[in-house]
Each structure stands twice: as C-alpha cells, then as structure tokens.
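Below you'll find the structure I mean.
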Amino acid sequence: MARVPLRPLDGIDFDAVLGEIGDAVAKDFGKGKVASYIPALKRVSPKKLGIAVSTVDGKEYRYGDAREPFSIQSISKVLTLIVALHHEGEGLWKRVGREPSGNPYNSLVQLERENGIPRNPFINAGALVVTDSLLTHDKDAKENFLNLARTLSGNKKVKFDREVARSERDHGHRNAAIAHFLKSHGNLNCDVEEVLDLYFHQCALAMSCLDLSRAFLPLANQGNDMHAGGNLIDKRRVKRVNAVMLTCGVYDGVGNFAYRVGIPCKSGVGGGIVGVIPRALSICVWSPELDAIGNSYVGTRVLELFTSKTHLSVF
Amino acid sequence: MARVPLRPLDGIDFDAVLGEIGDAVAKDFGKGKVASYIPALKRVSPKKLGIAVSTVDGKEYRYGDAREPFSIQSISKVLTLIVALHHEGEGLWKRVGREPSGNPYNSLVQLERENGIPRNPFINAGALVVTDSLLTHDKDAKENFLNLARTLSGNKKVKFDREVARSERDHGHRNAAIAHFLKSHGNLNCDVEEVLDLYFHQCALAMSCLDLSRAFLPLANQGNDMHAGGNLIDKRRVKRVNAVMLTCGVYDGVGNFAYRVGIPCKSGVGGGIVGVIPRALSICVWSPELDAIGNSYVGTRVLELFTSKTHLSVF
Amino acid sequence: MARVPLRPLDGIDFDAVLGEIGDAVAKDFGKGKVASYIPALKRVSPKKLGIAVSTVDGKEYRYGDAREPFSIQSISKVLTLIVALHHEGEGLWKRVGREPSGNPYNSLVQLERENGIPRNPFINAGALVVTDSLLTHDKDAKENFLNLARTLSGNKKVKFDREVARSERDHGHRNAAIAHFLKSHGNLNCDVEEVLDLYFHQCALAMSCLDLSRAFLPLANQGNDMHAGGNLIDKRRVKRVNAVMLTCGVYDGVGNFAYRVGIPCKSGVGGGIVGVIPRALSICVWSPELDAIGNSYVGTRVLELFTSKTHLSVF
Amino acid sequence: MARVPLRPLDGIDFDAVLGEIGDAVAKDFGKGKVASYIPALKRVSPKKLGIAVSTVDGKEYRYGDAREPFSIQSISKVLTLIVALHHEGEGLWKRVGREPSGNPYNSLVQLERENGIPRNPFINAGALVVTDSLLTHDKDAKENFLNLARTLSGNKKVKFDREVARSERDHGHRNAAIAHFLKSHGNLNCDVEEVLDLYFHQCALAMSCLDLSRAFLPLANQGNDMHAGGNLIDKRRVKRVNAVMLTCGVYDGVGNFAYRVGIPCKSGVGGGIVGVIPRALSICVWSPELDAIGNSYVGTRVLELFTSKTHLSVF
C-alpha cells in the first residue's frame, strides 16, 4: 500500500503569511460581538488576536497574543471526544450521532424528535453525553482531563478558570435543561449535577493558541505523539475525528466554513478556533468577537486567508 | 506561495485494489433496495457493480460494469451547480445556501421555516433553484447541458433516457410541490413546468462509471481540462464545489460518509456515487441497491474500502 | 330524554346592540390590513362594516354594509365540509383530522410530518382534501356548490367572482404546492388542476353578511331548514360541525377567539366572519382589515362585544 | 341586557342516565393502558369507574367509585390557573399563551421556537409558569393551594399523596428540563427546585369524583359559590376559563374531544376527567386506563354518552 507523505511545507514563509494576515484583518474588528451570556467572558478585550501554527516537521510560528490563555469552551469537545472514543470505541456512536445538526448548538428540538440521541458530539447535547461517558469510565475524570490537556500542550500551567466555571453553572439553565432531557431519555448514566460540573469545567479550561496548536498537532500527524508515548488515538481514528470536525465543528456554519476555509476546525464561544490540515500542520487562532452563529469573526477570516495564501485546503 | 504537488500515486496498484474490493463486497448485495418510486428505475438489475477511476496523471482503471450507462439522477446536481456558478458567480448563494440540511432531501419543512431559501444546492429544492438559474441564463439550457455532459465525459453517445424523464414527470408531484413552493416565495424565475422539465431530464441523463469519472476528473485536478479548453471552472471554485460535495453531497448521511469514506462525494438514487480526491483522482461506483438514506449500499462500502486501502482520504 | 329549548332571546334589543357596537368599533379601523396577496382583494375599501343576525325564532337584524357582497374565502370551507360529510360520512376523517393545527393555515410542515393527512378541514391542505371529495362524488360539483350557496342563502344572485377566482389561480403557487404534496401522498383522488379550480372558485364566492347569516342559521337551529326540505345535515352533525368551527375555525387564533368571543366561528381573508350560537342565532360580520393571523380586526372586536353584551357565549 | 337562565334539567333522570352509561362502557375496559411512568400510578386497579354530577340547582348524582380518591394530576392545572389569574389578572397571558399546542403536552419543540412562552397553561410548560406565579405571589402557596382544594370540594380530608409526589420528583427529569428551559428564557421567577416541588405536589393531590364535581361546579354556575363567600373568580372569568378548557384541556386531542363530547373538559393521567356544562352542571369521571394521547379511554366514552343522552353539549 502507498504511504502518504507529509506535504512539503518548505516553500511557505509562515511568519510572512501570518504577518500579512494580521495586517489584512485589522479592518475586521468591531464586526462581531464578544460572548455576553456570562460576565466572565464578557470582560475579555475584544481586540485580542493570537495565532499559533505547529507543523508536522516540528516547527512553530506565532503571531500576536498567541501565548495568552483564553477560555477554550467548545474546543474542549474534541478532546473529550477522543477520550470517550478511547473508553468506548465505536460503541459511543449508539449514544450520539455524527451528522451535522442543521440547528443551533443548544437546540432541544432535534433531540426531542430523535428520542434523546444528539446529532453529533459537538452540539451541547452530544457533548454532555460524551462528558457522561468520561465520568462513567473514570471517577477522576475531571483531574485526568486537566492532566491530558497539560500533557498534550506540554504546559503544566494549564488550568481551569474557576470563575468561568462558576459563572457557567450560574447561567447554565439551558444546559441543565438539556442534561435533564437526556436523563429522561435514559441517555445519561451519571448524576445530572456531576455531568454538568465536569462539562462546565472542561469549557472553562484556559489555554493559549500555542497550547492548543500543540495539543491538536497529533490530529495533523496521524496520531503520532498524541499523549506522548501513549496510545490515546491511532491513525485510523485521527482521520475520523477530523471528519467529525469538518462536518460538525463550527456550529450551524459547517457548510460555509468548508466552503471558505476548507479544513477541519473546531470553534468555541471564547473566540478560539483550532484547525487541522492533515499531514501538514495544526493552527489555532483566537479573537473574541463572534459572528451570529458563534464563531470568531476575525478568526474565521484569518483561517480563510491562511488556507487561501498557503493553498493548504483539504479540497 | 507554495505550489501544491500532485499526490504520488505510483505506489498504488489500482487494478489490484479494485479487484480486492470487488471480492470483498460480494457479500453485501441484497442488503439495500433498488429505488422503486418510478418503474423505469425499479427494472434495473440489483446485482450490478461498476467502478471507474481516473487519475490526475492521466491513467484510468475499470472494474465490472464500468461501461454500462445508468441513470445519474442527483449526480447531475454537481454539474448544474458548476454551470450556475459560471452564470451567476457567488451571487447564486443569495438564492440557495450551502449548509447541510439535517433533513431528508425532499423535505419542505426547512424550506418553509427559511422563507423559500433551500439549505444547499444538492437537496431537491436547491437543485430546482439551480436548474432555474440555468434556464434563466440560457434558452437552450437542456441541449447545452447535454453537450456539457458529452464534452466532459468525452462521450458523444451520452443521452437523456426519455422513459426515465417521462416517468419522473408522471410521479413528480413532490418535486412539483417544491417548485410551486419556491415560486410562491419568488425564488423561481422561470415557469414551473419548464424548470421541472429540465430537472427531470438532467436527472434522467444516462452515463457510465467511466463517463462520470472522466467528467469529474477536473474537480480532482484543480479545474484543469474542465470543459476542454474552456474556462468553465477555475481552481478556486473547484475547491469550493468539493467542499459543498463533502458537506452536502450524500443526502442526510454526510457526517457518516465523511467519517467512513472521507472524501467529497455525490450520490444519486440510480445507485451511482462519484468521489473526488483532490490532487489525486476521481472515482465513480455504481450499484443500484440503496440504503435507507438513498445512497448505494454496496457503493458506499466500495468507497470506504478504497480510501482505506489506498490511504487517500482528505483527512 | 330532555329536549333542549331555544334560548329566550326576547329580552334582547338586537338593533340597539348592533348600533352600540358599531359606535364602539369606529376607533378600531386602521389597526389591521386589507389582504393584499391578490389585487382583486386589495382593492376593497378598508372602512366597510356590515353585520347581519338571523335568529332561530325567525327574525333578522342588519347593520351597515350588511347587504354588500364580499369574497367569502375560507368561510366556504364550512359549506364544503358539510357537503363532503354528506357524501362520505365519518369516513372523511380518515383523510383529514379535526385537531387545531397550531401552525399557519398554509403551512406544509405539519403535513410533511404527518404523511399528508391535514390536521383539519379548515387549513388550506384540509380544505383541498374536502374539495377533492366533492369532485370525487359529483362531476358537477362546482355548479352544485353554487346552487347550495344560493339555496341556503335564499339568494339566487349569489355568484362566483370570476376576477377573484382568476387572481387566486395566478397567485396560487402555495396552494398548488400543497395540492401536489397531497397528491404525492395519495391523498388527492382527482386531477390537481381540477381540485385547484374548484377550490379557487369556492373561495371566490361573493356573498353578503345577510346571505351568510341566513346560510348558517341551520347550524344554530339543529339543522332545521338546512337545504330547504332536504336532508343535507342532521342534528347530530350540526353539533359536530360547530365543534370543528370552534376548535379550528379562525386560523392559528382559536384559543384567543374562544377566550374573547366564545362561540364557534369561521373567518375568511376577505374580512368576513360567521358565528353560530347554538339554539339561538347565526351572525355574520364583514370588515376587510385583517389582524396578523388573518382574521378581521374589527370583525373580531364586533363579535367580542356582541357575545359580551348579549351574554350569549357558549361558555 | 338579557339574563341567561339556567337550563331546565328537570326532565333528565340522571341516575338512570349514569346507570345506562355504566352498562354501556363495561365492554370498553382493557382498551387503554394505566399510566406507568411512575410506580405509584401504575399500581391503581384498571377497572375502576366513578362518575359524579353536581347541578346548578343543587343536586348531586353518583355512580360507582365516585367517592374514591385518585391522583388528579393535570386537573390541578385548572385550579392553579384560577389562582394565578386572581393574582395577576390578564397580565398572566404575557407569560403564557392560550392557544392549543398541536404538540404533545411535554414537548419542548414549540417552547424553543417561541422563545420560552408556552402555548397554553395546560401543557406542562405552561402549568410550570402558572405554578411559578403562585409561588411568586404567595410564600405559603403549597398550603394555600391545598386549602383551596378543600374549600372548593367541601372536603377537609383532601390531601397530597406524598408517595406520588416523591415518585413524580424521582422520575421528573422531563419536567426539570422544561423548568430549566423556562428559567433560561427568564420565564420563571422562583427557584427551579421550588417550582418543581409545588408542581409535583399539586399533581399529587388526591381527590374523588365527588370532590372534583363539587370543586368545579362554580365554573358551571357563573362563578357563584366559588371559594365560598369569596371573590376568587367572577362571571366573566368563568366563561374564559371554560374556553381555555375547551380549546386546550385534553392534551393533543381537543378537536376530537369537542367533536365527540362537546363540552369544556380537563383530563389528568390519573384517569380523571372533569367536564363543565355552563349554566347546567359539572361532571367528573374517573377510570385509569388511558388512550394514546393520555386521556381516560373509558372516561372519554362516558362523557360522550352523557352529552349525547342528555343533549347537553355546548354546541
């Protein structure tokens, strides 16, 4: 069988590309809105912009606020998915689908029509099922999840932002509604409060662009080095997680994102977006102002320019 | 800027791969059902299996019934999309979205909730808007569409199956409902009957696996040679059409398809599926038995094995 | 068994009541909007107000433009329902339900979810099924429906407004969509065009308040005198048609109507509303300005005042 | 203005009517299913049948198990509605609609589409808003609600069934989901747990057919004697509560109920149904086996026969 080589990245001057992009998006600030559903997020400066790139040949590139931690929010759902797949294997898909939802990320409509089976692991309902899976298989799921984030990013200082976690809980009635709904359908094993606690904590993880580009590099590198020396994710599963990111990763805007950006991505309402270009590199951009769907406005533009300038789309 | 090279395909023995796949799927016949909504489709032998591969370095591989024409049905929607984008440019997206629908391909629910703007050009409603665009810009749209199919496939014998077209019309009340609905929302310029006539004809185009793998090769080759010597589609648009195929191309099963197969595809209820592996090859498989969603059961399995054995997923 | 007597109406000075109401609603003109989806309706003077009352003890009262014909539109659906029940009996309910829809009158959403069985005979989809029933049982359905309207109203000059009927057809793509959708579900026996033609004509019937209060009197009088000397509707069925009017008669506003007005009513977008007070009287009010749901704004107010002042609610 | 007299009930031999009905429905047992979502309800004997009638001229009639207490469940929602209207007046309708829902009683779909405003006070979401209103205006709402039930029924022994209340809570994740959802939309003032506690208790009230026919008699008697000597509900509001019962009182079956039975009713999954015939009588029937919608199968049949035999429909 053929071995698929790394893509040649030598010809690309990534520092120059990031600089050009930084200049180009300066005019795009002010077009989105910082998430305001919890006070802790609302306080972030809207003008932040960080970019970090980690390549499969071991290089790293940074721009702007690439080292400043931010609330990763839904980006955490990729990491919990990887852990849950490690625990349950393909059986996980009996409890959660992998189809784009065509509905807002916090919708209960589809969940009701489809008997408590969430459409995919990246909408809130699906992520709660995934989190329940972690708790079901591991009593120390919260601590171990934090350790995983530290190991993958190579940064022992990664931590939960307790204020954000508390704020999420205080304003988390919509997620509580979803969790109780899943429980009423028998699709939550653990106690509702425990699942919500882990969920609010995973979302409140504070990481920088650099932390995240490093943490996601194994997804660009066929699983190599994922969980340093461990076997958390294998080559075949990497391909599949990337596929779920591309079809379900950016809320209700996956089609538009694939069209404009063209690579698997996962966004969070903290303004971060992680992208994976298989066999080439991982990238993380952070800018807090969100578009109407909930993706970083400037971040989306950065990624669009990046794949356009480097010709590194999967398509 | 970096130039993206072709993927090295030299190491792959495609004939052997196709042979292995043909053997492996022999046990999968009988698990799906031939489309039965019109008599003309129901008559097709369920045991057919054809595969054709066209590579960007100019080679072709065939297996089984690769030269036998079948009803391309919804595969035609990619070709009409390319023509409509040629006519209207990005303005087309004001009339039709490019998000996965999360609903069956012939659903009116979403169309009603979203004021007559279809979710994407590959569900029936969106395809009717695209067909309307062809008619709006070209009085001889039907003849010219046939000519395009002939040019792209290099096969002057490609033709409409008149019996299928007539049968589609006789049983086409659901599509007539959608067309009238679009008209009531002002999203159809031409006469409903004319739009339906072209739509039923484009779906009734009879082409073989080989015809289709040739016709779709430009989408794997950055637009080169598309419309022999013409400028029907440029490199940037190729990338985008592939993105729409990956996120919307296989009815309500795009997530599962991306997960299992991992390349942009477009299926039709005639049992054909066309796939594109950017910078590498195009592939067409045909086998008439469909799964519950409407994709060829054996065809899906063939493509899954193909990307697995060749390691040629986009992810 | 007990015989239910007529309600004593002697103590009510209906002429005075109607006069008081006319004065009271003078300030309500200008708050609604005349139907504008077809030119023929849009031309009606918005300031019209007619009221007619027919009592079971044989008296009649009129106010304002009570003798001026207007387009009865959906009010016709009660009459076609009575005819269809005469043709098919309770078997009709296999093809159409009798539950309030909770959705706009021209919605296709519910119809799709419920496999082509309309929720009730007063939303457009249900009315089309009822019209199909008339055509199925009677080749001269259009002529005979006109004759029925003439007999019930005692007015031989009642006629179809041809201009309205033609205008309905020209702008009838939404209804055509519904009819084709029903046909695709096998819930329409006759040709789509024929059903639409009768439907557009029944809606285009021009009748006055007095014509309609007379035509609906049998529903207030246990079926007596309905279809002069015939057996079109019996006592038991009268009760049931009134029930369908109360729970489904005024589009998506039945709860509010029952709450404020408290009697079975059927409205039309021509601005007419017919009400029935069992064992007491029938009433018709006409005023063309419609509220957001499609019921006459002033007409609703007139009926609310009427039942309030006369204490004649069914509750 | 006319005074509306009581209907003459003298000619009706109610004891004979109830006896005939009891005989007639003997064959209907076994066609429905006892509610099984909580153990406490599942244990009830399916063969129970009680009927009680209270007339506006002060008489009472009983049949079968008319004195045996059962779980009133959703019948309680009429009583809480009356209290909430007493507290808030018409302003209550800003927080909850009064339209039939066209969806199952515990659905979240409509609630999401309509921004947390429940369609009516008798679906679970609407009832939770009403319960929240009670708690908002009265710290001792639970105790006072119990006292109200005792006063209206004239039975000081009426009490909450603690086991049922506990069982409701233990299996109440669906209602918890709805309550959290309302809270997330700002349509719940009080603490979610407190609202659920009162809600589960009001549903767990144990009353007999006789208790309920007495408690609902004021709704048949223009408010007279409601809350013995007090002013809980006036004549005008009685008419309106009856209207809400008729259009929203029997889950997703109001159209069918109005068609077959023809009077305002409210049912509960404990198998009870209360009916009101304005200016004539109140009736309560209890039989635990439920139809697919959640209404007592035998109870519905009893009411249908009752209005048919006595000719006392509102239509």
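Which chain is which? They are A, B, C and D, in the order written, and residues in each are numbered from 1.
As a convention for this text, a residue touches a chain if its C-beta (ideal position, glycine included) is under 8 Å from a C-beta of that chain, and two chains touch if they have at least 3 such contacts.
These numbers come from a predicted model, not from an experiment.
Q: Would the interface of subunit C with subunit D count as same or different, where same needs over half of all numbers used to appear in both copies?
A: Result for this pair: same.
Q: Farthest from subunit D in C-alpha centre terms, which chain would that be?
A: For subunit D, the chain whose C-alpha mean is farthest off is B.
Q: How many angstrom between the C-alpha centroids of subunit D and subunit A?
A: Computed value for the inter-centroid distance: 48 Å.
Q: How many Å are there between the centre of subunit C and the centre of subunit D, using C-alpha atoms for each centre?
A: Chain centroid spacing, subunit C to subunit D, equals 31 Å.
Q: Roughly how far is subunit A from subunit C, going centre to centre by Cα mean, in whole Å?
A: Comparing mean C-alpha positions, subunit C is 56 Å from subunit A.
Q: Tell me, which residues of subunit A touch at least two other chains?
A: There are none in subunit A.
Q: Which of the chains are touching one another, listed as pairs?
A: A-B, A-D, B-C, C-D
Q: Mind listing the subunit C positions that touch subunit B in their complex?
A: 107-109, 112-113, 173-174, 176-181, 183-184, 192
Q: Would you mind writing out the residues of subunit A in touch with subunit B in their complex?
A: Going through subunit A, the ones touching subunit B are 1-5, 7-9, 11-12, 97-103, 110, 119-120, 238-240, 242-244, 246-248, 252-256, 258-259, 262, 264, 278, 309-315.
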